[in-house]
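Before any comments, here is the structure.
In order of appearance the chains are A, B, C and D, and numbering begins at 1 in each one.
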Amino acid sequence: MSEIESVEDFRARARAWLAENVPRLGPDHRGRSFVRPDDEELAEVAEERRLQRLLFDGGFAGICFPKEYGGQGLTREHAEAFDQELAGYAFPERLQVPNMTPCATVILEFGTEEQKRTHLPKILRGEELWMQFLSEPGSGSDVAGAKLSAVRDGDDWVLNGSKIWTTGAWWSDWGLCLARTNWDVPKHRGLTVFMVPIHQDGIEISRIEMLDGSNEFCQEYLTDVRVPDTDRIGGIDDGWTVGTRWLLHERSFSSSPYALHPTGSNSYGSAQGDPADNLLALLDSAGRVDDPAAREDVGRAYTLQVATSELDRRLHALILSGKGSDQLAAVGRLMHGVAGAQVATIAFELAGQSAVAGDVDDDVLGDLGMRYLLRQAGSIGGGTTEIARNVISERVLGMPRELALDRNVPYREVRTAPSGGSSGARR
Amino acid sequence: MKVGLSADQELLVGTTRKYLQDSVPSDVLRGLRNRPEGYESDYWTTGAELGWAALLVAEEHGGGSVSGEGLRDLALVAYEFGRQASPGPLLGTNIVAGALSRADGAAFESELEQLVSGTAVGAWAYAEPVPHGGLGEVAASAVESDGQWVLSGDKVAVEHAAQATYLLVTARTGDGLTQLLVPTDTPGVTITPQRTIDVSRRYARVALRDVRLPATALVGVAGAAAADVELQLQAALVIQTAEMVGAMDRAFELTLGWLTDRYSFGRPLASYQALKHRVADQKLWLETSHALADAAAVAVQSGDPRAGELVSVAKSYLAEYGPELLQDCVQLHGGIGVTYEHDLHLYLRRVVIGSALLGTAREHRLRITTLLEARKGARKVEA
Amino acid sequence: MSEIESVEDFRARARAWLAENVPRLGPDHRGRSFVRPDDEELAEVAEERRLQRLLFDGGFAGICFPKEYGGQGLTREHAEAFDQELAGYAFPERLQVPNMTPCATVILEFGTEEQKRTHLPKILRGEELWMQFLSEPGSGSDVAGAKLSAVRDGDDWVLNGSKIWTTGAWWSDWGLCLARTNWDVPKHRGLTVFMVPIHQDGIEISRIEMLDGSNEFCQEYLTDVRVPDTDRIGGIDDGWTVGTRWLLHERSFSSSPYALHPTGSNSYGSAQGDPADNLLALLDSAGRVDDPAAREDVGRAYTLQVATSELDRRLHALILSGKGSDQLAAVGRLMHGVAGAQVATIAFELAGQSAVAGDVDDDVLGDLGMRYLLRQAGSIGGGTTEIARNVISERVLGMPRELALDRNVPYREVRTAPSGGSSGARR
Amino acid sequence: MKVGLSADQELLVGTTRKYLQDSVPSDVLRGLRNRPEGYESDYWTTGAELGWAALLVAEEHGGGSVSGEGLRDLALVAYEFGRQASPGPLLGTNIVAGALSRADGAAFESELEQLVSGTAVGAWAYAEPVPHGGLGEVAASAVESDGQWVLSGDKVAVEHAAQATYLLVTARTGDGLTQLLVPTDTPGVTITPQRTIDVSRRYARVALRDVRLPATALVGVAGAAAADVELQLQAALVIQTAEMVGAMDRAFELTLGWLTDRYSFGRPLASYQALKHRVADQKLWLETSHALADAAAVAVQSGDPRAGELVSVAKSYLAEYGPELLQDCVQLHGGIGVTYEHDLHLYLRRVVIGSALLGTAREHRLRITTLLEARKGARKVEA
């Protein structure tokens, strides 16, 4: 094995390359707004694919992915240095979660040599964009309760069923799909993971409208979709071995070295600028610079933001040092949900009446009402905070497991939610 | 759950509920987001026939209520509006009609007739923008000049101003307050719709630029309207909190049903103790909200000297726990709870709007302390 | 049945009698302080017995207890009128809970005619003071898990075991005692209730010191205590029939017509004056009359206090009207615990550093630190808020019951806490 | 759980822990409530031999630390103090010693020798009573007169002032701050013990009435001590938050053990999901508190320009969630948790005291906002 470049050399090289090649974000860049016309969205995705290709060509894509699959074969410390240098630059935000992690990391961990050589370089070049076909209507937090079925037919599998809460399936290429291949064994023992091209005749994509009018989430209906057995990840009926790692990668996204998180970005890797600046701007717009209650709110929100990043840093160190189990990631996931909701609430309260009835052109305060309405989204998506609390109490602290009535029972006999194939998003 | 309603009140509630369910079920509501008015004018006039806009108007001026306690009846209607997240200018029209009836119902006979019959909508222009955005801050000015009134200033978050025929504007004259009735087509009045988080309720900014009004526009006494404004605020808070409780009630029902119907790990969600305990807290918040909103309605209706405290206590509690309850309902629903197709957000919006308009929780807490000090001071003077 | 006196006549009579006979509380009366010398405590108990006798002689004791047992045979409305008139007067605070309710109400509901005629008049005259022998070390919230055993011996029962958290057992006369009479049936089916004189050779009373140095709570050790079968309340092994009502009375104390709650008193019937006055005095002592944050705190605390009493009033109306079940009392119990802790916290925060390091003579702020340390006591005593949440979710809202591993199992086979007879208060 | 300690640091921590466990186990601690001093003087001098009071003192002045990062080492000691709710004037003595060493270690050689060896106790007299009770408010005055200093004013919540030989008094000279070292037996100094909620830690009020001091009493620069005071405050907050985290950690352990050992309805308490989820929240608060207290220690140690923000962030978080965690531990213990015989209250007291002294959560939130504005202002000036 060859010597790897020192972190400091790498940092210097990254700094120079970024300054030369990558556009900087404007001073008033406020991150993605979630309600925009489709053509804008598509243009942004195209631009992010271009940025990813730029990183790849510059030798900075997939810093912790092995070289043989198109990555840089470097360490977590290199990834962190790059995150620090990346602050203030445009980067392919949509291509991080779930594309780089958990999708690409699952392929890296469980894929065959051929699967890895086929897909990982394309992902790192921005040519393939992956999404998770994981949740199902009616399964809620019980991911292993998947009912999308895969039936063996010769060298293929035939998939039928529905997946939901897939981000941007309509502009993505592949789905990493958890399917049920055996109904006669207990829940966790009858699952298998497949790689599925999204745009094909057997898959109908339906976009879900959120309460703010955005419709980035999708539901997919799969009808007789044929997948060759060579596109299976992991063993037949052994999908939960893959699934547990997959979920762990999902919970750990905020400290994953496989995804970019420019320093100063918010918990979802979205570039939001310095949180202090945003809070002070809000204080100013609300006309409350001299209001002690509002000033206290700014201090509280900033505390939560710093607390979130310092907690991430600590958990990451604990896990890395072996002093804490991987499951500690659930503590971070809980914090992101809880603190995110608290900060949204504080911002809403700072804005006062302008957040619910504001002038059409008030961009600072006018959005805060809608953001507040959506404040729980960060405590639901990517595994609910309830599941995180279960994981913390049971797997981190060793408290007794919840009674599961579906253990050791063939899955077809388990009572489940009334979901079927119909949209869980419809009432 | 309401206790102690009379048969007449049960009838009013039942008729209103059925009408709302039939005319604006949730699928219709969802579609209203694209209508600038937020409701159909027929819908409102039919509602007015049920008595919705007559409750604060004296019988001799064409109004009346089933129980003789108009505000309490109105709170029952508002509660139903909350339960269905119903559209319509309920608060503004009633506040304006009530103020006109109280001030001089005979002089405003024609306006009252229109408001009560639903052929005109009223809007109370009270709140102002930053830097005068605090509860009760009034910077708009009303100046008497040559037997006319000249009105200037800016108002925001005026409910259904763009749909209104009449604005009741609260303004300042020297150290005191003056209220004027302003037809929305008066020169110098500019009404600009604002964006809002509700699906059907609309708010607007009202710019008043040297608006000239005849002496007859005066509602109540010039420069001495503070007590009237306080009464309007109290009544408005009774309507607002009643509506919030209705929306909380419905969201709680939906959530309890959801938890019972859905299964996870082979068990109904309702069997998970962590969720059960949160639902128990929700029940606590809900029952307390009922208790406080009802107590506020009774106190304002009866002219209790502590009515001002009680409306603020109700509002400060509901503005804190209403949104918390709704957000926890969203969380318990999971992703479905933030989709547009689901009903839950209709109630979430209504409760959140209520929490932020007519004074935030914080503003009402501060108001309570000031009122308590005043009460203590008054007692000392007596003693 | 004779016509009863109208509420208004009764009110007028009560008003006149109180003014004539009962001492008024001073303007700076601040309720009981819980740390005081024993002789002071005993003197106060004696004075409260005297006040109770005064009420009895005046025809105002036991307003809702039947006349044949020494009460007034009046209605809840009369009791409420009396509570309103009683505001500002001294009253026998310690003789209300648990003496009047649940103890006397349980005797009234389940006692034999002879038991009622023997004990209720004495209770109403202040001659007998009753306490609950209910909780046990190690049983926590699981009251029906009692292990204090009663074994039949001829016409007597022989009791052995320990009870804990008995308020003022050392100055009380009788204990209402839940005992296990059958270990071979499931938990709830082997209990029996007895009436036990507290001061006798077989009962050793040990006082429990709380963190503030008060020691009003006791633990009792019963060794071969003989109780005649005639002092049994309810059927043998049928003690849980009594117990469920007993607990309901306990949860409902704040709206019980069998106990006095002078209007304006706090949730435990303690005369604290107008909450608004206390809060404003605190604001003043803390030197923060002009601090908006402190003013907001006062408004928040007042909101919680009004909310508690308005909720009590509503629950009471719902239960009385039959629109809500008796179990709704658990909602009130939860509120008293939660809001009490919140108000203690607000008062502590208003006081700032003076609450933790204050001048010895600062009576307004100096107590608030210790009160804050004890803030959970109101969420623990009288049934925890956790149990209240179980009751609300299961019995009010009909959600599924918690799994109990002790159902349908002989109690001797149930795994319980390591308690034995030793003090649960020792580590 | 601390990450990344050196072997020397592990040794310091281990020695301190063992010494605290052996010399002041909880039964001994409980008895200390009746001792006016709150600790035995032997206990403190032996502790000083372990290096407790030397960590902020430069080596050339008789101090030193195992890692060369004295404040971080001191935070580790403070954490152990929190875990055992240990007695002793750790904070005051270290702050005074550190200030003397930094100002002019040679001039204060004798005082430093006594403080470092534990033969003298130091106390920082900083906080003042109402109406100057706010964080950072200094009304006590230091006036230069004929080559002497005259000190007047009142200080409160001075840790172990009644046991101290030296007070470091922060006072005002005109617009600036001045710090003076005041032997407690100086005429005009009156020290009155205050009541406190801790079992072993003591606080006192210090009255200063025309206290005359020689010019050599000056610590640092007259009228220009603001930066020194800020450094002292930062170090004190690092010690305080580290101790709070230690107490939280221990209370959390006790609670987890309790829930595992106790049974209710035939099941261990730890099997109830409502309790499990609360414990999960506690774990979140605990880990975050660790993270923030450590980050503050690192920042102050290294002179990070954001150190002032970070100590306030740590304090504002811990002052909110520390007491909440402890109170929830009490609740989960039930009645036993509020008895004097149980250990839990020892940690509760320590955390609650920490939450209220050296600035409340609210005061630090306000301070954060002011610091953020200053940072933004400075950046604008640079640009």
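Assume a residue touches a chain if its C-beta (ideal position, glycine included) is under 8 Å from a C-beta of that chain, and two chains touch if they have at least 3 such contacts.
Predicted model, so just to flag it, every value in this text is computed and none were measured.
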**Prompt:** Taking a step as a move to a touching chain, how many steps at least join chain A to chain C?
**Reply:** 1
**Request:** Could you work out which chain's C-alpha centre is the most distant one from the centre of chain B?
**Result:** D
**Message:** Counting only Cα atoms for the centres, state how far chain C is from chain D in Å.
**Reply:** 41
**Message:** Two or more other chains touching the same residue: where does that happen in chain D?
**Reply:** 272-274, 276-277, 362
**Residue list for chain C, restricted to those that touch at least two other chains** = 292-293, 296, 386, 389, 402-403
**Complete:** Touching chain B in the complex, chain C uses residues 276-277, 279-280, 283, 292, 295-300, 302-304, 306-307, 310-311, 313-315, 317-318, 321, 323-324, 328, 331, 334-335, 338, 386, 388-390, 392-394, 396-397, 399-400, 402
**Prompt:** Quick one: in the complex, what on chain B touches chain C?
**Reply:** 1, 3-4, 256, 259-260, 268, 270-271, 273, 276-277, 279-281, 283-284, 287-288, 290-292, 294-295, 309-310, 312-313, 316-317, 362, 364-370, 372-373, 375-376
**Fill in**
Listed in rising order, the residues of chain C that touch chain A in the complex are 291-293, 296, 403
**Complete:** Within the complex, chain B is touched by chain D residues 272-274, 276-277
**Item:** Contacting residues of chain C [partner chain D, same complex]
**Value:** 135, 138-142, 145, 164-165, 208-211, 213, 217, 285-287, 293, 341, 348-349, 352-360, 366, 369-370, 372-377, 379-381, 384-386, 389, 402-406, 409, 414-418, 424-427
